[in-house]
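In the two complexes that follow, chain A is the common piece, with chain B as its partner first and chain C second.
What follows is the complex of A and B.
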């Protein structure tokens, strides 16, 4: 009895320590980037020898970062929107119609998750070259949407499976049209998941740094590409400020909906 | 002829096939306005498909569905003016009780004032007054199903379809809701088609019971008649839980057939029963006939005039005033059930040799299969 209690306590403490270590391990680089962005040294050094907001000031003053950020934001929004629309239509077709091979279709839509991105980029380069989509904004949107569809499909599919089809049938007998039943009931109930999928898609597009090298072009420099370029041609410490900004922004992007969802549940 | 004189539901030659699998075959059924009919059948008998066909969730392969005299093949579920109640309640989880009940009225364009009045009325009639602002997940199963029924009745559809609505509830709640459905049916006068696999639900609810077996409608008969005079061996054992003894030679056989009826030998005695009315009168030795008797009418010990049936007690359950005996009889695949007064089975034990008594006046000669 007593021994059991000691073991119990031991396990609880080990668990706590391991959890703390795991959190530390995950969070350390994030915290470090933010700390480094407030260093004032000419190069990268750790620990920093002087402190200041020079890097943030530089960032604010260099227009190329803002252009890149603006492009990445537009690209992220546009491609996630396309991915969302395509996924919702596909999910409805797979789960709410008597489509043959529906399940196969749903699984096939996940293929881009599995194929290594560099291989995929080569294939896309060939196709895009053929249809004149290289170095165009809509080409990039298309490419990013293709990569994002599986994310939205995965999250949205799980949500749609958990909405009983009877809800829709009842709505229809009560006088709602099919579309009304879908939007008012089924998709309404899957909305949190779909929103989550949208955020994931946006983030996926926002940090995409491989594809852009193949199908981007002059004037189409996304933020990750700009960072890569800057590292490649010298080491501009301003990128620590950029990295810190991205870290903070994406944390907010995840944390705010989570907090909202928790608030809504209460 | 005015609309009300049409049958509420008129199915003729209704057949539904999914690919190569038949779910409903050649089904005819007529339901009068205001009737409550149970569709009773084992799972896979086609009863749910039948309901879905009437609701318009499926289209018939052949045959016609008329609701209140109107052919509905080309009508959407919404246009058929039906209410639907499902086993899993299917309440909209993100809407309050009030908004759930209101949903159909809103879709049908009722104005705010009228909606509010109707919902308040329904809440009162379903005894849900205090729950209007709750969300479905804050209600018990029984309350949720009452909301679902209120929602189905809200716009006064002339036909309500219920698909095993009490399947997920425990026995006490079930009784409660059965009484509620009977009351709703009386007060609202709605025609109800009630699908279930529970014979007691069917018995306590309905005017008539339609029994489905293997995609076919076996019968649709007033419930008492069905119970007391089952049309065939299948219904006798499925619905009345009767013992069905086929006239296969052992222990019972058909020995003669005359104008007065069919002569049956059982346990060394003979008795003449009126022949069952059936197209193509059975000839002597017809293997398709069976005797049926309900457990409550079997005597634990044969008396004078009874047809005797000897066997071994294989199970004995004491129920208080009565005892449920199961007796294995050579030649019969299933043991014979007897529900007898406890006094008459005093001292009896599993393994005893007994001779049950089958009073001829309670035995029915029936076709074994539908």
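What follows is the complex of A and C.
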């Protein structure tokens, strides 16, 4: 009995310490980045000796970051759109047609979630070289869409499963065609989840930093690639401001799917 | 899947569209998967054995001093990452499962998802700031008088472990939470009412129920960890012996594509072996649950 109680206390404390450690471990670097973006020191030190918005001003004045941002934004939008269209069609085929291997297809689409990304990047490099897609914008769109498809399939699949088929039956008995029933009812009800999937896909593409090193070539520099190159060859203090901007923008972006998900629950 | 064996005339009206229409709708996905997932993965193995050299490059990856070191470092690092991420993830996921305090739940979900929403570059840059010579960790230790000069925290294996574990904590939390979700906490209370200590109740009731999910979660974290590319370079330095950096050097510095393909193939085979092993151990349903 006694030994059990001591163990209990030990376990309780281990759990508490681990949880607190996890909170600190995750939050500290993020908070630090945002705080340091408002430091005015020429180099980097903690705590900073002077405060200001110099780094943000520098960031606004350097054109290469804006070019990279524009490329990343276009890439993110295009690839997420492709992923969304492909996934929605496939999901309807899986859940609303008599296709035999639908379940299998839905699971096969998730493969890229669990393969080591650098091995996959090598594979894509060779194949893109063969297709003549290395260093092209549409090549990157296809690659990013491939990585985004499983995200939309996961989120959208869960949503489609939760829409009762009977609702479509009602619409069809009332005279709607199948397509009308799909778009008017099922997809409409799944819309919040699909929008969430789209945002996830965009974010994933916007921050993709591995594949771009293999298939982007020298000409296409996305925002993550620009930061990566800059950090690798000596740290530019401006990056603190970019990183902070991404942290803040992502936090805002997270609020959207969360709000949408809450809307879907009602 | 319901089979369609009855002849057309005898079959009652079916709301679902026919298999051909379904196939057409799924065609973009099928073609995309074939061209950009299936074919590339197969071609790695073909390229690794190209030029009549069936196993030579694999032998090289496993025996060559440099690449063997990279492989061992990658595996060792990933094992430590699995331990760290699982420990932190389990603490978070279990607390999320049992707590009834709303604020704690919100806080912990935020913690679990922040690394998920930030790109690997931003995350690693933040950790780079934390670990740098005049960063907060060194500052704190100096202030406390625990060290005399700043420690070299950056460009070490520890830094890589921290960087990768940071990225993978969300995967551990989500998959472990899925494993814990179905454990009824009343069972633990029942065990305790019958005289077991909390520790004993957790070890003999909760753990056996969660075992499969924990194994699946660890496999997922491990498989993702061995593929990391950005983190070893940023936090371990470009020369760090890591599989991903090796692969990139082989392609872009040595122009040895087949060699890189062999390294990638080894990574893939390890991933397949680990996932396959866990699949055999816990079954497909548990593994799929971990993915969601």
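Everything that follows uses one rule, which is that the second predicted complex is superposed on the first by the 230 of 266 C-alpha atoms of A that agree within 3 Å, B and C clash if a C-alpha of one lies under 4 Å from a C-alpha of the other, contacts with A are read in each partner's own complex, and residues count from 1 in each chain.
The rule is short, and it goes like this: a contact is a pair of C-beta atoms (placed from the backbone, for glycine too) under 8 Å apart; a residue touches a chain by one contact, two chains touch by 3 or more.
What you see is a predicted model, and the numbers here were worked out from it, not measured in a lab.
In the superposition on chain A, A:172 makes contact with both chain B and chain C. When the two complexes are overlaid on their common chain A, residue A:86 makes contact with chain C while staying clear of chain B. Of the two partner chains placed by superposition, only chain C is touched by A:227; chain B is not.
In the superposition on chain A, A:67 contacts neither chain B nor chain C. When both complexes are overlaid on chain A, the residue A:136 reaches neither chain B nor chain C.
By the touch criterion stated above, A:189 is placed in contact with chain B alone, chain C being left untouched.
The wider contact with chain A, measured as residues touched, comes from C rather than the other of chain B and chain C. In the superposition on chain A, A:180 contacts chain B only, with no contact to chain C.
Applying the stated touch rule to the two superposed structures, the overlap between the chain B and chain C interfaces on chain A comprises residues 169, 172.
Chain C meets chain A in the complex at residues 1-4, 14-19, 21-23, 25-26, 28-30, 32-33, 35-37, 39-41, 43-44, 47, 87-92, 94-95, 107-108, 111-115, 117-123, 125-130, 132, 134-136, 139, 166, 169, 196-200, 202, 220, 223-224, 226-230, 233-234, 238, 243-244, 247-248, 251, 257, 260-261, 263-265, 267-268, 271, 275, 288, 291-292.
The residues of chain A lying in touch with chain B in their complex are 164, 166-167, 169-177, 180, 185, 188-189.
Listed in rising order, the residues of chain B touching chain A in the complex are 55-57, 76-78, 80, 82-84, 86, 88, 90, 92-94, 103-104, 107-108, 151, 155. Contacts from chain A toward chain C in the complex involve residues 1, 4-5, 7-8, 10-12, 15, 18-19, 21-23, 25-30, 32-33, 36, 44-47, 85-87, 89-90, 92-94, 96-103, 105, 107-127, 142-143, 145-146, 149, 154, 158, 165, 168-169, 172, 178, 203, 206-210, 213-214, 224, 227-228, 231-232, 235, 239-240, 243, 246-247, 250-251, 253-254.
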